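I have a structure I would like to understand better, so I am pasting it below and will then ask my questions one at a time.
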Amino acid sequence: MTHDVTQDAELQDLYRELILDHARSPRNFGRLNNPTHAAEGINPLCGDKLKLYLKIDADERVHEICFEGSGCAISVASASLLTETVASLTVTEAEAVIESVTTRLTHGSAVIKNEKLYALDGVRKYPMRVKCATLAWHALHAALSSQNTTATTE
Amino acid sequence: MNRPQQSSDFGTAIANCRNDFPALKQSVNGHPLTYLDSAASAQQPTVVIDTVARYQREDHANVHRGVHTLSGRATDAYEGARDKLCKFVNATSRTEIVLTSGTTEAINLVAQSFCRPRFGPGDQILITHLEHHSNIVPWQIVCEQTGAELVVAPIDDAGQIELEALFEMMQGKVRLLAIGHVSNALGTINPLRQIIEQAHQHDIPVLVDGAQGVPHLRVDVQELGCDFYAFSAHKMFGPTGSGVLFGREALLEEMPPYQGGGDMILEVSFDGTIFNELPHKFEAGTPNISGVIGHGAAVDYLQAIGMQDIHDHETALHDYMVSELGKIDGIRLIGTAENQASVQSFMLNDIHPHDLGTILDQQGVAIRTGHHCAMPVMERLGLPGTARASLALYNNSADIDRLTEALEKARRIFG
Amino acid sequence: MNRPQQSSDFGTAIANCRNDFPALKQSVNGHPLTYLDSAASAQQPTVVIDTVARYQREDHANVHRGVHTLSGRATDAYEGARDKLCKFVNATSRTEIVLTSGTTEAINLVAQSFCRPRFGPGDQILITHLEHHSNIVPWQIVCEQTGAELVVAPIDDAGQIELEALFEMMQGKVRLLAIGHVSNALGTINPLRQIIEQAHQHDIPVLVDGAQGVPHLRVDVQELGCDFYAFSAHKMFGPTGSGVLFGREALLEEMPPYQGGGDMILEVSFDGTIFNELPHKFEAGTPNISGVIGHGAAVDYLQAIGMQDIHDHETALHDYMVSELGKIDGIRLIGTAENQASVQSFMLNDIHPHDLGTILDQQGVAIRTGHHCAMPVMERLGLPGTARASLALYNNSADIDRLTEALEKARRIFG
Amino acid sequence: MTHDVTQDAELQDLYRELILDHARSPRNFGRLNNPTHAAEGINPLCGDKLKLYLKIDADERVHEICFEGSGCAISVASASLLTETVASLTVTEAEAVIESVTTRLTHGSAVIKNEKLYALDGVRKYPMRVKCATLAWHALHAALSSQNTTATTE
């Protein structure tokens, strides 16, 4: 059963404690009343559906951010981590984080400043789940670009 | 509940049939594959794969239009498959068997050729809350085009159509009832004979979405009394890209062609075109010859085993699955209709189905997770989606045991 | 004219490629099969047959919707084939590659989704007298539906479009030009670049029926400048039931979906449905997964040989055929365009093509006879039909020799 | 080359002298001005297209019959032989001939009174050509049934 042990380890790499914790108790969960920016992310494959709300002032800085919706552990944890990471960054800084996170998840190389986000690394072995992890980040990009459209993972 | 003893309980044909499916002999992620996703698409027996390959190696040519030997062989094999399909659903005549690319195209054909020219504001198309998107969106589109109204019969918490409400809605200006045979999301088998009888009393023609009927049940369109019956080859162990619209001849006769092109015409001139006879009127262009021939081989395969044996086997296995799932802490069955095919949705605690799917896959267990192309069902039940294990003739109790083991592991991981 | 020496004149890939096609190794009516009917449907190389069979044995599951390993593999293979097809015609983006059941469905899609919502009385759809029924009837149907008018550019006796007349007709209220790349009946290669340039000067979008283009010519939709390009897998050594509509993204974006069903939606509710993004918006229901994967394998096969080598081989062989046919008393070539693909129609004395077909088949020579789904061409030339020999990459000069021998025998019988 | 000899023989069995003769010089070829019965036969496969014209009087007897159109040797010869056979028969007799000819061509057993029609027997080895031989007979049946529709071989 060494086999099963490896697999357990792999699964536990995907579902790390930090991920499970954020999935169970997502941070910044809720709705902003007067967001300056917002976007929705839909993953038609598994029905993940997230809404991001941001308040960005004239200083081009994220003053408030939260999200609501439902999704799998990976997408919810990723969104929760996103809100923690992006809060109080400038738009430019946020775009840079989006870039490095999505690159890291899809090509596996980029360095990420916020170490917590490495918790998402386990996803890279599960190509079908990468879309779950990137969903919130795509939605954030859409929100920042004021493309008030829906982002999808297709 | 005891494990059903395949070899003793049922004919040997079905007991041994798992060996006919090469895909089931592989390992996935280091475990023997446990394929519980046949409702999405079924695996093919060797005889279907080989029939298609042999056709390609020996007999392929375009059909209908050729005088040479290969074209004759291809045409005979293709039209021979139509005959098999005709018998399979017990249609009155081969002219009632329109070959399509699948259930979805068959339903769109009826929406566009039957409804669109004759429906208008004030008319209603009646469906149920249990339908697959392929039996919803084509009607939404044609309603948008014609001004007709889509009305939807409710379901109860077990996933059964509320018959009284359905019958009540037939009082209105319903001009077509479109209803599934078996729900792909919840497994519910609808009481079609009763429903169709009632519809016909109101002169409402009935289309049955049979995509999930054909793999599990003996289908007899004359006994059902339906006016249209749509199904796909790939759900019944045949190839993708092939399907059937059964339609009563009198209705098909009245309908204009759906697509234009080669083969569906008798004569083309710029002054006007004479369409071909049934069923060719509805079959434009080169058909999916190899797919249809493979579909015919799947029919032969199913009939050699016997739909009754298949049904008995699946029922016993489904009972076993329900009882074993029941032993897992935190399992909640979704879809508990009295009359249910071997398709079972469930939730495990508050683990999102997608996470369950990954954890099970890691253990070689393939289930489907999500909305199963039936978002309205999910919304009705207040769920983001479900995990679904669907059984086919080749599954056995060991598959169920591996499913439950894998679920136990998921429970441990999510603690 | 000397026999073309395959092995020396061309790359060895094409010289040896005949061996890749198992169907060509058989005897028919006691003679080695001489398959000269590839324009109707081409044979498949072993690699295509095996790719499809291996997929079925190892990787099959439904695409897009699954989280398990097989579904992932199936989706990767299916979407990978789309990428290959995208490169094959040099589309800008994979979103421009809509997978259909064939050329015919692709053209119907444009007729119904592009024309039907926006054309009306006073508008014209322009085609030519050279078209296949699949590029005529869909336009007749949509004209009937919308009140638009179908106008037809003439051809000359050699089977070439009369360009001046065509350009003249563009002055009118033409809102779409639909034109073949290569005529299946006469082999004419149309000067598309010139025609499309002209059409675009009048802001007329152009659909190209490429069914007979892809097996013979390198196709580059950006170089051609066309707005739509439709083709079928089975004419290019792939499976039946699979085809492509290339469409420029800007046009596809504006078009409503063609069919409704699973996979083409993002969200379904009874209040309204949100359609999926390109290209999925146009792909309702379970697609022909194995067919598309086979189509991708056919692309690989063609590209390994090289379209230029194929074209050179076919041109040399066609020249040889024309010269050998010319030696037979009473042969009359039909279709003598300056620029012609390796498709040749002909008559022998007053022998009806159908009789010729039988006599040749008796000698193992498979040709097509009749109207070739191009009745207007036949009517224009005053013929009941023709005999047609169409060449593909796997034919060789021995095939031509057997054709001419068999024709000599027909001449003797009809004395 | 024994092989080729057999095949030549088979082909000559299909294209017997009588068939070739009727195909080259079809009898009763042309059009009736005021037919009481008429029908068209189309074989979309090869483009055969025949029109039959009949004059049937109150005595229920075929007084005049002719055909026009174009088609392969088999269909034209068959139509030509048909007009010779049916001329002056009663409708009932004609229906009986139709029945026996089509049965003989498709199942190969029925006895036919008019011996000339056995010339069509060669077709039975060519399943794809049977439709050519039966086309005129289907059209005749349609004409007699006053189904003034088009008969096809599909």
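Here the chain labels run A, B, C and D in written order, and each chain numbers its own residues starting at 1.
FYI, a contact is a pair of C-beta atoms (placed from the backbone, for glycine too) under 8 Å apart; a residue touches a chain by one contact, two chains touch by 3 or more.
Keep in mind the model is a prediction, meaning the values are calculated, not measured.
> By the touch criterion stated at the start, how many steps lie between chain B and chain D on the shortest route?
Minimum number of steps from chain B to chain D: 1.
> Does A-C or C-D have the larger number of C-beta pairs in contact?
C-D is joined by more C-beta pairs in contact.
> List the centre-to-centre spacing of chain A and chain C in whole Å, with centres computed as mean CA coordinates.
The answer is 46 Å.
> Between chain B and chain C, what is the gap in Å from one C-alpha centre to the other?
The computed centroid separation for chain B versus chain C comes out at 32 Å.
> Let me have the rounded angstrom distance from the C-alpha centre of chain A over to the C-alpha centre of chain D, please.
That pair's centroid distance is 77 Å.
> Whole-Å distance, chain C centre to chain D centre, using C-alpha means?
Roughly 37 Å separates the two chain centres.
> Specify, in ascending order, the residues of chain A that touch 2 or more different other chains.
Those would be 45-46, 128-129.
> Which residues does chain C have that touch at least 2 chains other than itself?
Touching at least two other chains: 29, 65-67, 71, 265, 267, 354, 357-358, 369-370, 375.
> Between which chains does touch occur?
Touch list across chains, by label: A-B, A-C, B-C, B-D, C-D.
> If we count contacts the way the header does, which residues on chain C are in touch with chain D in the complex?
That would be residues 29-30, 351-355, 357-359, 362-363, 369-371, 375, 378, 384-385, 409, 413-414 of chain C.
> Taking the complex as given, what residues does chain A use to touch chain B?
Touch residues, chain A against chain B: 3, 7-8, 10-12, 14-15, 20, 45-49, 70-74, 76, 126, 128-129, 132.
> With touch defined as at the start, can you tell me which chain B residues reach chain C in the complex?
22-23, 26, 28-29, 33, 35, 37, 40-41, 43-44, 48-50, 52-53, 56-62, 65-71, 101-105, 107-108, 111, 132-134, 136-141, 150, 152, 232, 234, 239-242, 257, 259-265, 267-270, 272-273, 284-291, 354, 357-358, 360-361, 365-370, 372-373, 375-376, 379
> Can you tell me which positions in chain B touch chain D when the two form their complex?
Residues in contact with chain D: 64-67, 71-72, 265-267, 274, 276-277, 280.
> List the residues on chain A that touch chain C in their complex, please.
Touching chain C: residues 42, 44-46, 127-129, 150, 152, 154 of chain A.
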